[in-house]
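For clarity, chains are labelled A, B, C and D in written order, and residue numbers in each chain start from 1.
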Amino acid sequence: MSNATHSATLLISAPDKKGLVAAIANFLMTYNANIMHADQHQDNVEGLFLMRVQWDLRGFTLPMDDFAAAFEPIAREHDMSWKVSLSSRKPRMAIFVSKYEHCLVDLLHRWRIGELDCDIPLVISNHEDCRRLVEFNDIPYHVIPVTKENKAEAEAEQFRLLEEAGVDLVVLARYMQVLSHEFVTRYPNKVINIHHSFLPAFDGAKPYHRAFARGVKLIGATSHYVTEDLDEGPIIEQEVTRISHRDEVDDLVQKGRDLEKVVLSRAVRWHLDQRILSYSNKTVIFD
Amino acid sequence: MSNATHSATLLISAPDKKGLVAAIANFLMTYNANIMHADQHQDNVEGLFLMRVQWDLRGFTLPMDDFAAAFEPIAREHDMSWKVSLSSRKPRMAIFVSKYEHCLVDLLHRWRIGELDCDIPLVISNHEDCRRLVEFNDIPYHVIPVTKENKAEAEAEQFRLLEEAGVDLVVLARYMQVLSHEFVTRYPNKVINIHHSFLPAFDGAKPYHRAFARGVKLIGATSHYVTEDLDEGPIIEQEVTRISHRDEVDDLVQKGRDLEKVVLSRAVRWHLDQRILSYSNKTVIFD
Amino acid sequence: MSNATHSATLLISAPDKKGLVAAIANFLMTYNANIMHADQHQDNVEGLFLMRVQWDLRGFTLPMDDFAAAFEPIAREHDMSWKVSLSSRKPRMAIFVSKYEHCLVDLLHRWRIGELDCDIPLVISNHEDCRRLVEFNDIPYHVIPVTKENKAEAEAEQFRLLEEAGVDLVVLARYMQVLSHEFVTRYPNKVINIHHSFLPAFDGAKPYHRAFARGVKLIGATSHYVTEDLDEGPIIEQEVTRISHRDEVDDLVQKGRDLEKVVLSRAVRWHLDQRILSYSNKTVIFD
Amino acid sequence: MSNATHSATLLISAPDKKGLVAAIANFLMTYNANIMHADQHQDNVEGLFLMRVQWDLRGFTLPMDDFAAAFEPIAREHDMSWKVSLSSRKPRMAIFVSKYEHCLVDLLHRWRIGELDCDIPLVISNHEDCRRLVEFNDIPYHVIPVTKENKAEAEAEQFRLLEEAGVDLVVLARYMQVLSHEFVTRYPNKVINIHHSFLPAFDGAKPYHRAFARGVKLIGATSHYVTEDLDEGPIIEQEVTRISHRDEVDDLVQKGRDLEKVVLSRAVRWHLDQRILSYSNKTVIFD
């Protein structure tokens, strides 16, 4: 592997105590790391130290194959959880979609112009509707219908495709099906969903109808990691837009589409850029 | 009464049907009204027509004492609810406050520089804390302690003061007490509250603590008319601000203060300017 | 022409005086118009009355072919400028694009899902780059290279295509060429441009680079009608987003794309919905 | 000096190179610093490393009187500019005001409730108007009229008062006078101004009138350090709010007041919290 123009990103969480920054900085300096970005956070309530550091691999004297062995003693000493990623290894992302295509169109365009640094080996849907669009982007499109009766088999088929494709991240781009316990536990913090409300307001079904009925003056959208508790996973990003008494449900749906696209795409980009650490059902988004 | 530089504002709601605008416009034209602002809205779901029209009283040939008699036949024909207000008669506003003074400071300053066009005959509190500030503004300050035991007598004393002062509008500027059924029904759509969350999220107590615990990325504030159902009244205005993982509960409280001030003051100004029509637990805010 | 499910929209501007609303309301009532939306505005500085009224053509007893003859006497009496549009006649929109495709992708998707109610008979570009995308949407794609030398001939060819296609509206979706005086005067208030800054800040070239150099904390985008004075035409819509010291020029470009898409698409939708009146180098956006 | 409950904040800028973080972290660890917050930034365009680190002084084994001597060798080795501040030493802030009191009211209230951690030894004005308000807050109020003729003497009197009071920061809370070259060079990055527009748009006089004339859809406010070039100093914070065709100049002024208060108070708080580093006519705002 040539390290030219490549970088490594290290995400760390540990019980907060003195000397953590020095330990990490000294380790990296030992191998002549050229740090490009570093950001850290201390959660004083949980007593946690969280850090993201990215460095240029040019001139880094530790082969990345030996990184784990070299870093592990320090990690153990400070009780760190850690994960390192290489920019040379593109994440592989699957998109799940039903019939609404606006988030899918948006994600595919961002991917095509290089805003999302990943491979997209497949799109999975329970409907035929988006095939032409997906295939226009030269991505395989798999239709797996889901019913109450076949849910287990449908997911088995999804797992087979995801594993075959070596998928790291699943994005639910308005995929109108609830994932099983098994799905969620297989992909912890690896499934991102977009919910079309400002959670925790209007969790569950038909949020735009309920926002209209309640007479709120702003509507929102929320992207989050999927956990077993529906709409209760760690929130990654939220955004709102103003509505007025002149807006009917259809107007809310239309204005909401713009929110959903932006809020989902930010979450996906931050995840792909290794900028999210999730703990205690919250997220840290590193700058 | 001299009409010079004065205006009248008419708020109307009626079952929607053809000819409503023409009926109102012709009535006003008959008496030579010079319309300054007009705004209307049709709620297609409820089948309602809602209108606000404001006109200069100079040159208006119908004495306002005779307005009701002249307009009533048209109102009856079209099944209108209506209310007319004169700019020459300033609304009288009472402010209720507990210990947090930021909304009070804000309202008093806006009032002093003419942003809120009303008289403030009194401020009522269950604590002594804000006396010096209120009296600096030459407004009488009444302390009425409220406990579980004396709640009925305390409200009786409040009613006496409000009636004596001829109060039209009660503003709860972070008044930390729940009003009784009797209070709310005495002042329908005449009590404005500020809730320190983006309702319906985090209704009830300690919203900033709960927002922090849930890990939301935006916090909000909501002003609404007080009804019998706590935090369920018609929403007048909402606003949000961004927070991050770096913000602790105290930061939320601090950022929230700026939201609360802006959101409450807009609601009060719009109410004083006769720009709000409330129906079906929603509000129309006329431009 | 069957009027079933169709509507008409009337835009009016006139010197402000008493009786205008009554005159218009009475005219429409005479022919049994069922008003769906009405909004009006008085510009007190300019002494102008501006109105938009939309009505259902079912039950309207005046054939729309006779509308002009019937309305003209009223218009003349009150010195009105007016324009009526029928929902049955879809506007025809041309899109001009260079190499950046994000606004084009966005407009085409909104059009495909019905958010933009128009026909798109052609896309014109000075480059080949977007051909595949446009043709995927079954829209003819015309490449007309533009150089300093051939500018007049290039525009002549553009005019020929626009006229042949009966185009009502030209949208410059990041078309990186300045239009001639002749172009602008041929299509007054009919060419919408997106400028990638918060005008009047950073008008002219390379606004993201200049915003970065100046160290602003927010960047913006502006959609406007094109006039002879570059970047000086009537502003239709603006929006901003927050940046920080961590954002480099490339980040501004990326964040700006999301603004440009939203700000341009709103302008186009409002124009297509006959919701914009332009005067004194400003716009009124009717609700 | 007791270090109990006190903290120190170190701001550093240096040419970017390897080992800076390790050098600083090791220095602090040597003296057993308990780091509370750390944030750093690399400006890749300028090749600069910028850092803010705050630590608890309890248990810190280096007396702060010896800090400079101990840190200077490291600073020299890495060519650092640096500045350390102690929370035990409250900054001293002077406020300059003319007749508009909204920013002054806002700052004084934030100060009273502890949002601004500073002493305010005096307020200086060229008018009597705000005396009662300032003295209500038990702060000395000095009126120094300024005319073309007496400008030099007036500033001399201002300098005398500022020096006598040991002022670290001057806040221009809508002070409608231009400061001299001498004033600005005496207090580099120590004078904060609020400009009532979204700079660089509408720099100079009467920005609300010019925003109205241009027909923009958003208005803004900007806080910045004052430099010799009027309205050209490093921007600290900006915010905008939406306006519509219904807003006249007076409405812009009213909406703008809310922006000015928020944008100025954020700048002041960040400055007092040692969170701003200024370079190349830009600011870094540390989290």
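Basically, a residue touches a chain if its C-beta (ideal position, glycine included) is under 8 Å from a C-beta of that chain, and two chains touch if they have at least 3 such contacts.
By chain, UniProt protein names: A, B, C, D = Formyltetrahydrofolate deformylase.
None of the values given here were measured: they were computed from a predicted structure.
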item	value
Homomeric contact chain B-chain C: same or different residue positions, threshold half	same
Pair joined by the larger number of C-beta contacts - A-C, A-D	A-D
Reference chain D; chain at largest CA-centroid distance	C
CA centroid of chain A to CA centroid of chain B, Å	43
Centre-of-Cα separation between chain D and chain A, whole angstrom	37
Where chain A touches two or more other chains, by residue	244, 246, 287
Topology of the chain contact graph, where touching chains are joined (line, ring, star, complete, other)	complete
Residues on chain C engaged by chain B in the complex (per definition of touch)	18-19, 21-22, 25-26, 28-29, 32-40, 42, 242, 287
Chain C-touching residues of chain A, taken from the complex the two chains share	101-102, 105, 109, 113, 115, 136, 244, 246, 254, 258, 262, 287
Residues of chain A that touch chain B when the two form their complex	41, 43-45, 198-202, 214-218, 220, 234-240, 244-246, 248, 280-285
